[in-house]
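Look for subunit A in each of the two complexes below; its partner is subunit B in the first and subunit C in the second.
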Partner chain A sequence: MAEYIVKENALRAFFQALAQERRLLAPVRVGGKLQMAEARPEEVTLDYGNTHQSPKSAFFPQTERLMAFHKDTAQSDPFVYKPLGLDKITPTVLFGLRPCDAQGLAICDQVFQNDRFTDPYWKTKYESSIKIGLACDQPGPACFCTAVGGSPYGEAGLDALAAVKDAGLALKAITEAGAEFLKKLPGLESGAAESELAERRKAVESKMPGPLDQAKVAAGAILDIFNQPHWKDTADRCLNCGTCTFVCPTCHCFDIQDEQNDKGGVRMRNWDTCMSWLYTVHGTGHNPRPTKTERMRQRFLHKLKYIPLKQNGQSGCIGCGRCVTLCPVNIDIREVAKQMNG
Partner chain B sequence: MMSLEEISQKIQASAKRLLAEGRAEVVIGYRRGTTPLTVAPHFARTAEDCDQLVWSSFAKINLATYLPKYPGKVALVAKGCDARSAVGQVVENQVLRENLYIIGVACNGMVDVERILAGEPRPAFEATEDQATIKLSGEGWITSLAREEVLRRNCRVCVSRTPSATADEVIGDQTEPLSADDFADLKELAGRSPADKLAYFKGLVKECLRCYACRNACPLCYCPVCFVDETRPQWLGKSQDEMDTFTFHVLRAFHCAGRCTSCGACETACPMDIKLREFNRVLESEVQKDWQYTPGLTWDQKPPLTTYRPDDEAEFIK
Partner chain C sequence: MHNPFLPYPVRIAMLRVETEDKNLRTFKFEFVNPGDEEKFAYMPGQFAELSVPGQGEIPIGIASSPTEKGSVMFTVNRVGQVSSYMHNMKEGDIMGLRGPLGHPYPLDTLEGKNIIIIAGGFAVTTLRSTIVWMLQPENRPKYGRITFVYGARTPGLLCFKDDWSEWQKRDDIDVHVTIDREAPGWSGKVGFVPAVTKEVCPPPENTAAIICGPPVMIKFTQPVLAEAGYSPDNIIMSLENRMKCGLGICGRCNVGPEYVCKDGPVFTLSQLNQLPREY
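Up next, the complex of A and B:
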């Protein structure tokens, strides 16, 4: 696959070329926080640990209007829901995805399109996008991608991977789509990147945590893990606030809502959270997850048992550390994973 | 000044005594966190559990939040604001006084971790602290911060740093109350046009994710079903619609009027660092002006907005 070097003085031109070709999403400051968002070429930074929120909203917005209808009976089609947005997808390039987040998006992709069904709203956005990763040289105190099968130089879910080199970039294509895209990019200079990336990968990985042993979780019966006594202890301090689910790159649950006024209506989906009482309450009033213990347990089982079961052993947690950092009561998925395997 | 270690040891000793005497089934306090600049709420049920209890400048969550849902006898390690919230819960009949034991701790304020991290972009792998300094270190660097400089905003105007009037015992050197929030900035806000005020408050919650972490961390938000979770009827839209989001925050603030103790748990829990207390401060200042009322300082004071007197001076209520 093609390899390139972008020198420091060519960086601006590189980002301009990206933005010229496609809508550019990259790490930029939004309201004081570093976020993966629409960026002007001059705003893009290479100096960050991880974006505050995960990049999932690029393909799975927190509120997404799926379809709409009107109530004008003078027209032929009143009260008929018509899909929104599927016919005008803007081709997008994401630059600066951390490998952990790219892996997270790949996990969501398996949820939104698989052999059983395809979500057109996800598919049209995800598949048409080019994803360029930026390898991670300074993992933070809550980073543990290497513990859950990833790497700060990981390639899963990426079309190309870059690393900062002499304040510029070393860049290599990973997929055909990535190679094709980079080949057409004006002003990009070929140069050896592969060996540098491989070396640096080893160096950074050696500073990071080793694999988290999940052998017993993988082999264990769901019901046995379900009934482990430690859940109650963790639940003691859980506030069920849902922060973990909102910042998680692989949490993908949603709630469908219809809203209307006198002119028409819209059907939308909004991020939902299994930490919420409302998430599971039935029409009868019965709630199969009546307390915060069941709700908190659900999230960890989903990450560490159900997703691995459905996705060939791939951990549903990609080790970005956002939930660890942002949980107001310091519930640490690394500790819970150890207890589950205990 | 008593060191953090001494305070921690005294908390541990009290906790063991209370468990042994059967005065409490559980002691809710803090233990060391798994990442720098954090502590975790800790539920100590055995003497061994008690050994993990610590006192720290990172104890920013309000532990009283756990009380209303807890059925048994609880001892609460409480800074001034936690104690005020617990008193409020007793006054509002959510917690039985006889089930509650308050281990008051003389508090010198908690630090604003978001602010510390915003000022130090290098990843910190370790944080140590004493009563005067916070030391951060990472790969090949170490830096010291004066604790006073990085206190949370609410801790700078705390009127109850040591809960001496309500706690069952107090640990640490008594700290004097600070001068209360003078709400000076609110006078300027009050002079603005309604449209300007609306824009200001909408702007505050622009980044809101509707996760409701603020509500779940709040010791006042103990409703079995929150109005935003009602479905029959559904009072509020669930999307990121600006007005729905704004309505949630305004209604929550009104529900807390005359009850909020400025503990800052909402801001601490918010993953987007929204300045949620700005909603509450407006109502706090109104309640103080109209009723000269500060919640949670005594056991016998009812929140002004929950009482009714036939001789009320307002016409509309008669």
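Up next, the complex of A and C:
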């Protein structure tokens, strides 16, 4: 695959070229926080740990209008929903995805395009985008991608991977789509990047935590782990606030709601959280997950048992550390994973 | 690309009050666009999202059989926003139908077996679909003895009276309809579903049971079947959970790693015995 070097003085031109080709999403400061958002070439920074929120909203917005209908009986098809947004997908390039987040998006992709159904709202955005990763040379204090099968130089879910080199970039294509995109990018100079990336990968990985032992979780029966006694202790602290679910790159749950006025209405989906009582309550009032203990247990089982079962052993936690940093009561998924494996 | 979120427009072709408490209404829908009926090809045991524009969607089991061409039938309990709204709709009104969703009962693997179908209350819907399908002349020879146990609290709460009273006249299905307590004008069986099941269930050899009903009925019927010697592989159940997408994506209906919508709603008891009881 093609390799490139972007020198420091060519960096601005590189981002300009990206923004000219496609809508550019990159880490920029929004309201005091670093986020993966639409960026002007001059705003893009290479100096960051990771974005505050995961980049999932690029393909799965927090609120998304799915379809609309009108009530005008003089027009055709009153009260018939018509899809929204699928016919005008803006070609997008994401620069600066951290490898953990790219892995997270790849896990979501298996859900949105599962063994029976394809979600067109996800697929049209996810598959048409070019995803350029930026490897981590200085992983943050709460980072643990290496503990859950990832790497600061991981390539899963990426079309190309870059690393900062002499205040510029070393860059290599990973997929055909990535190679094709970079080949056509004006002003990009070829140069050896591969060996440097491989060397640095080793160096950074050696400073990162080793694999989290999940052998017993993988081999254990679902009910045995489900019935472990430690859940109540962790749940005593849990506030069910849902922060972990909103910042998690692999949390993909949503609610569907209709809104209307005199003229018509829309059906939209909004991020939802399994920490909420309403999430599972039946019409009869019966709730299969009635207290915060069941709801918190569900989230950890989903990440650490159910997703690995359904996705060839791939952990549903990709080690970005956002939930560890942002949990108001300091629940640490690594500690829970150890208890589950205990 | 097929959009599985987009409902097919349908017209309410027929609606009737199903039970004396007026909480259940049966709707027959006709597809507005020619061709959509073929796209909505379903089998007994599957469900669909009924979509009311501006109100929302509800997942409901399909009560008609695919052999009943021209319309699709559902019986809807008045519970929440969408179902209450539907109970005030009229014949001719336009709404939406999304699906079919979920897996049907394993009618192919049940071929050659005796079958006991056990229903409680309005959970009888997908079982009505199953029986209508099995009693078709081209399907009936595929199965051995068919036994149907159906219970409700009172005679007025029994659904589909026209159907089961016709089935009672046939000699290729044993129909046992029961109510919980004696009631004026009722000359049929009296007693709870588990007790009737105990009395009439065929021997377990080469026999499968399909159960659908309220949790309390299932709780007391399962031991009856176990005692009669039915193996958990031959006890087939249909689950319900709160749902939104119906596609295994939105997350909420999971029981362990399985989504009730996409991987169910039909499970064998041996499958369920491995999973948390989060339903």
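Assume the second predicted complex is superposed on the first by the 342 of 342 C-alpha atoms of A that agree within 3 Å, B and C clash if a C-alpha of one lies under 4 Å from a C-alpha of the other, contacts with A are read in each partner's own complex, and residues count from 1 in each chain.
Keep in mind that, in the parts below, contacts are C-beta pairs under 8 Å (C-beta built on N, C-alpha and C of every residue); 3 or more make two chains touch, one makes a residue touch a chain.
Everything numeric in this text was worked out from a predicted model, so none of it was measured.
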| item | value |
| --- | --- |
| More subunit A residues in contact - subunit B or subunit C | C |
| Which of subunit B and subunit C A:Asn270 touches, first, second, both or neither | first |
| Subunit B versus subunit C as contact partner of A:Arg237, first or second or both or neither | first |
| Touched partner set for A:Gly140, first subunit B, second subunit C, both or neither | first |
| Subunit B versus subunit C as contact partner of A:Asn114, first or second or both or neither | second |
| Which of subunit B and subunit C A:Gly31 touches, first, second, both or neither | first |
| Partner chain in contact with A:Asp77 - subunit B first, subunit C second, else both or neither | second |
| Subunit B versus subunit C as contact partner of A:Gln257, first or second or both or neither | both |
| First (subunit B), second (subunit C), both or neither touched by A:Phe69 | second |
| Intersection of the subunit A residues that touch subunit B with those that touch subunit C | 255, 257, 259, 281 |
| Footprint of subunit C on subunit A - complex, ascending | 66-67, 69, 77-81, 83, 86, 111-112, 114-121, 123-124, 221-223, 226, 252-260, 265, 267, 269, 272, 274, 279-284, 286, 288-289, 294, 298, 301-302, 305-306, 309-310 |
| In the complex, subunit C residues that touch subunit A | 1-7, 9, 32, 51-57, 77, 79-80, 83, 94-96, 215, 240-242, 244-245, 247-252, 254, 256-257, 262, 274-279 |
| Footprint of subunit A on subunit B - complex, ascending | 33-36, 38-43, 61, 65-66, 118, 121, 123-125, 139, 206-207, 209-213, 216-217, 225, 229, 231, 237-241, 265, 268-269, 271-273 |
| Residues of subunit A touching subunit B in the complex | 31-33, 47, 49, 62-63, 138-142, 233, 236-237, 239-243, 245-247, 255, 257, 259, 268, 270-271, 273, 276-278, 281, 324-326, 328-332, 334-335 |
